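Presented sequentially are two complexes of subunit A, the first with subunit B as partner and the second with subunit C.
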Partner chain A sequence: MLFPCTDIGERPKSEFRWGGYLDDSAASQEDAVCAPEWRRHLWGGKPGGVQGEWWFHHPSEQWYIGFRDAASERFVTLEPAQACLARQREGGTR
Partner chain B sequence: MSPKRLFRLPEPWGSRLDRATPVAFHFDGRPVSGFAGDTLASAILADPRHGDFLARSFKYHRPRGPLLANGMDANQYVTLDGTPNVAADGTRARDGAQVRSQNVAGSLARDRGALLGTLARFLPAGFYYDTFFRPAGSWPFWERIIRRVAGLGRLDPTLDAFGPEEPEPEKHHLFSDVAVIGAGVAGLSAALGAAREGREVILIERDEALGGRSAFARLSPAQRRDLAALIAQVERHPAITVLTSTTCAAWFEGNLLTAHARERYYHVRARHVIAAVGSVEQPLVLRNNDLPGIFLASSVNRLMAGYALCPGRRCVVQTANRFGYETALALAEAGCTVLAVLDMRAQPVDAALEAQCAALGIAVLHGLSVVEAHRAGQHLGAVSARSLDANGHPTGPVTRWRCDTLVCSVGFTPLVQLACHSGGEAIYDTALSALRITRSPRNSSVCGSLNGIYDFDAVCQDGQRAADVACGKPASLRPEPAREPVNFPWTVFPHRKGKEFVDFDEDQTIGDIETAVQAGFGHMELMKRFTTTGMGPSQGRTTALNALRVFAGASGQDLAHLRMTTQRPPFEPEPFANLAVDTSPPQRRGALDRWHRENGAVMMPAGAWLRPAHYGGEGDEEGSVEREVRAVRARAGLFDASTHGGFQLAGRDALALLNAAYVQDFSDLACGATRAGLMVDELGAVIDDCVACRLDADRLYLVTSSAAAAATNRTLRKLIVEHGFDVTVCELQGAMSVLNLCGPQARAIIAALWPAHAGELDALALHGFCQCTLEGIPAIVLRGDFVGETTFEFHVGSGFALTLWNRLLAAGAPFAIRPFGVLAQRVLRLEKAHFIIGQDTDHATGPDDIGKGAAVAMDKPYFLGRSAIAKLRTKAAPAKALRPFCLDASQRQAPEECRLLEGPGGVIGRVTSAAYSPTLGRVVGLALLDDPAAAAGTVRLWGAQAAGAKVRFLDHAPYDPAGERQA
Partner chain C sequence: MPLQLLKYGLGQRRAPVLPAPRALGSGYDVVIIGGGGHGLATAYYLAKNWGVRKVAVLEKGWLAGGNTARNTTIIRANYLSNAGVRFFGKSVELYRTLSSELDYNIMFSPRGHLTLFHDDGGKRTARWRAEQNRLNGVHSEVIDRQAVARLCPQLNMREDVRYPVLGALYHPGGATARHDAVAWGLARRASEMGVEIHTQTQVIGMDREGGRIARLHTNRGTLRAGRIVQCVAGASPALAQMAGFDLPIRVVPLQAFVSEPVKPVLDPIVVSGNLAVYISQSARGEFVMGGEIDAYPCVSSRSSHDIKEDMMGPMLELFPFLARMKLLRQWGGIADVTQDYSPIMGPSPVQDYFLSAGWGTMGFKAIPAGGYAMAEMVATGRVPDLIAPFSLERFSTLSLVGERAAAAVGH
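And then the complex of A and B:
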């Protein structure tokens, strides 16, 4: 599978490592330390469709944020995390 | 044995043969002579000393001649020099080879297994599912017998498939703008078209030469010239890489192709894939349709034109398209008697071809089909034909021809498998009576017979259209060539006595598919699994079309709504050896690697690194470790700790980053001071530790564990992005080398080596650091507690590592300094009860469990894992404890990791590390206790009988509890 990135072009999946869901702040994962909540975190509440994810790209040592359709396995966007979060913060203050 | 039918034709037949070079080998122990260029099969079949077939079928052990003759069907599998399931018709004959027939009980000509054929009535599809389970428990008995007769070939586990002189397979990664699969006329045209537009092209061809079916077909002189020119241009074009004898086995998402040749395994990544894979001819389904002597027209063309092998002398040709006529003409030209061309189509279609037949005296009859083949000995002896009505049903009287050869050309199935792997869809096109790709995968195109196009010139044009699409030009620039109906819709003629084979690999007949439908398997996928139709090595290539037709008839479903079963990689069987090619990541070696190996180090893998285990050479590991340990405790030792993770953090928020990443509070870390850090994950489990040195206001030097360096790099970088910290991270693992000088004489060595710096270094307190330049080598020097002796850690750029190492050894020589390896280091650190994260902790071990609870700065507003630790602390469950222990001095054998510990009330924990300490003369170790209170009672190693197995827990490090030696 090729990841289409706005910054570094198309790169094979093997260069990336998944780094969690975007909407899971570290805090919400930490809330999931008891077994039933952990189970829900792993298996529940993630229907198909577009979801935001962290991806670490080993060769460039950068984090990227991708919005990926879990049903079709296609990325809607994949861009450097810094730019993505900066835009989100801007959007949040408006 | 019946008389030999197949025979060799004179030149110019046999384009693949070099008749000047003979080849000799053995088949079933008897000699075979052929020519260079022969396949194993063509040489055996042409040799008058051998029969007309070289394999027996899988289930009924029926003799089977060549079907496709191109290495794609299971009925030509042989064992070659001990390697089973080699396609005899796809493998070149070579001198001295030992070839054996497979699936034969007795001899190939007289096979006891053929008796099974007479029992076929009692062995319907799925018979073993419901036969051998009664009485209960009887299956193991039957299983032994069935296993013996089932399966293809016999694997010799002692055999080195690649032989001592042949190289092991390698994996190659190839990249191109366009990958073309198949080098027939369509693929050649497509490759050339794309290359002319400036694209890099990889052309993958299964066969050993280019040209596909056209290389053996009856072409006009102009077409023959065109083909030769096309091949020459493709071979010469600098932008086209041609891979012959290479099978594309799978087409994955993102246009990743895997392909295998004998010694290569390819990963091909292409921006655009053009599938020009062609099609395979389909057999007629009628009684005894598998007799040797019944051929497909394309195989006959291939055998005659390529290998000068004539199928027989008295031939009947059954056709429903022009290929049958063309083959009949070729047979007549080769001197065979063509008794008749039977055309299933009611009306003449190609007057020119019929006129050519008439000129050679070949009778052409329309609206007629062979409906049964008759046996003479083990061969075809005659065929019976009847007229077909408008729905393809046989009617009217039977006409019988005595013949030794029946050639069939009644339809083709495009090789849709690869396109289906990657999301394409194959449907049954009722207008063409054929399978066709309707939806090709993204960034790909199909051409040639995959589009239902067979005419030479039209195929050229279609290949160029595919190249246009690949190069981003609109496909409409060239007209879409017309599809050629080459398939006859009715090719299935049931017989009351059965033996009408649908699947030649698995010996499945019309009756077997009907049995499956009657048993309730009313879906193609279920029928396939119940009968195994299409599950043999040819994976439905010669089966799918007829199986669909039989299944539609038996289940009353409309063909137009039926789908082919799901196609999965690989396209054809792949050698395991190819899949097992070494793909492990490269091993990392430090800057001192060469010195270690030249000085007796035994290297051991440690994560991605190779590190010295000890320096005693092979043989005496225990003695070497003991000598190294004693040297460190008594005098001095030098240790290569270069695999430590190193980071430089620079920026205003460097301390804030540490505060977010580690549980400790770093806010008041002064310039020139160090502090230890502990990292936990989102669930509060300890994952890494570090020592942070504050170099100046905005710069930190961070030393982390070897194994977690990559993960820590990711974590630090993620925190920076999440929190918007102003700090940059530079990962230094491997770029920096770390040399640890330790032992009671360490200070004396430094004083001798660098008198100018001796004062500064001597003044360093435990855990202090300084930056200095030691005789031209810039270094960060840390006073660590590493092994419990005075220790100086020198962190230097890796380019300086060897120089510094040699200087330290030279200066230490008067003190009998010794380099020591990872094993001695483990013993030394265990003597001091130092734990290793990941070895002595697991994914459920938090800071509180290893006695580091006090270090957790819960008053920080945030750090990674803070809320998990807070939550865990509210739970009633008591913390675990990581405790040093020692065994009785009589016990020299260290318990293995994970050995359970047994307290008065049962298991109380487990050993996480243990080693024999030469210093203390007893086994020391660490144990993780679920129930720390139980350590007060009598604790023993689980299952140990000896009195010495009693475990004594300590409140302090086993060696130098007060830390006096580090002053």
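And then the complex of A and C:
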């Protein structure tokens, strides 16, 4: 299976490691971490649908952020984490 | 009973497992969502031990077609935590007599279980497990290379490989059983006692009123339930979301393989933590093989080529003779995995709504004890000591029941 990266094109799945869910919740902001949110961040699962996730690309040692359907495994987007986060900070969505 | 056997053999047709389907009732004392091993065992013990018979099991597909149909049927009690060893020990005990109890041959087959170690870390874990097992009345011992070679002469004992075999944790009580027969036997006896089992019946919505579920909606109509038990494995987070709460469960595929069948050559079940694979030979003669869960979440029960490659390489290191054999089938199940590799059994944030979930990669062996304890809890409203450590609450109080070392590869 090939993963479609926006910058380096299609790469084999074996080059990637899953790095957890991308949390849009307060859990990723340190001062707002309270126990239930922190627990959800650490252990929470998702029932399905399109999820934001971290992916580590071994050959380039780069983190990516992908939005992927948990049933079909198709990516909606898969782009370098820096770019994705910068856009989110500017107030844009995915 | 040779006469009965003869009559059976000459009889025209086998009786169907379940009576013909009937209309869904409007209400039951207990509704069990999910007709896999855990749902069926809960129904069986509710009727048998507690006389609770106005029970419906709702199964969206066919009877026990989920993970109960997809597992590699390993039954063992050599876990690591006190709670785990006691619980799984009880389950193995119930399994031993289940064929005669159900009057249905589940083909329970004790053959011994070897967890190989190939380094000091592995040996330390094996010792730790052996002591924990002994303390809780389960027989396990650490054995050396020579003893391993005697118990399993097919194993590659060469020292010039990546992971030479140094010894093993030996658990004589390790066994296998026929997975479908377990489900069918439980279903048949439960329905004889009055439990209704509705297949092709999917729960698609819930009305929550005043802290409890007032109505369940299915594709075959709406119904009320005094108490609800959720036993849906890979659909656990989705059903919990319907009921209005989150579960600390990730949904990850687990894959397995069988080879073409040959005459019996492999007696024990063999697991290697370092190589992340395990194998046993089924009653049909097929080698049944598997390993760890996939590396990332996915809610599809697909199988994949990369896993085949990852698992078969190490498998050939352990059993080089397998190189001449063909794989017959590969498949996946959707495992409901908790971070401490222990199940979740108990009440939920919704009143009268109980959970049997997080069975992940190890719930087949737990079917009798899980059903036994869940039935007691649902009937009495009290959580039995046997399963108290497995509450959903443990994730809030941080009293996790760590079983990763005993359950990540060997299931």
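To be clear about the criterion, the second predicted complex is superposed on the first by the 69 of 94 C-alpha atoms of A that agree within 3 Å, B and C clash if a C-alpha of one lies under 4 Å from a C-alpha of the other, contacts with A are read in each partner's own complex, and residues count from 1 in each chain.
Going forward, contacts are C-beta pairs under 8 Å (C-beta built on N, C-alpha and C of every residue); 3 or more make two chains touch, one makes a residue touch a chain.
Here the structure is a predicted model, which is why all the values come from computation and not from measurement.
Within the superposed three-chain model, A:2 lies in touch with subunit B and out of touch with subunit C [touch as defined at top].
Contacts of A:87 after superposition on the shared chain: neither subunit B nor subunit C is touched. Of the two partner chains placed by superposition, only subunit B is touched by A:54; subunit C is not. When the shared chain is aligned, subunit B and subunit C each come close enough to touch A:17. By the touch criterion stated above, A:62 is placed in contact with subunit B alone, subunit C being left untouched.
In the three-chain superposition model, subunit A touches both subunit B and subunit C at residues 1, 17, 73. Against subunit A, in their complex, subunit B makes its touches with residues 252-254, 256, 269, 682-684, 713-714, 717-718, 721-722, 724, 731, 864-868, 871-872.
Contact residues on subunit C toward subunit A in their complex (touch as defined above): 235, 237-238, 240-241, 246-251, 295-300, 304, 306, 338-339, 395-396. Interface residues of subunit A, counted against subunit B in their complex, comprise 1-2, 12, 17, 19, 26-27, 29-31, 33-34, 54, 56, 61-63, 73, 81-82, 85. Residues 1, 13-14, 17-18, 35-36, 39-40, 42-48, 51, 53, 70-73 of subunit A are the ones that touch subunit C when the two sit in their complex.
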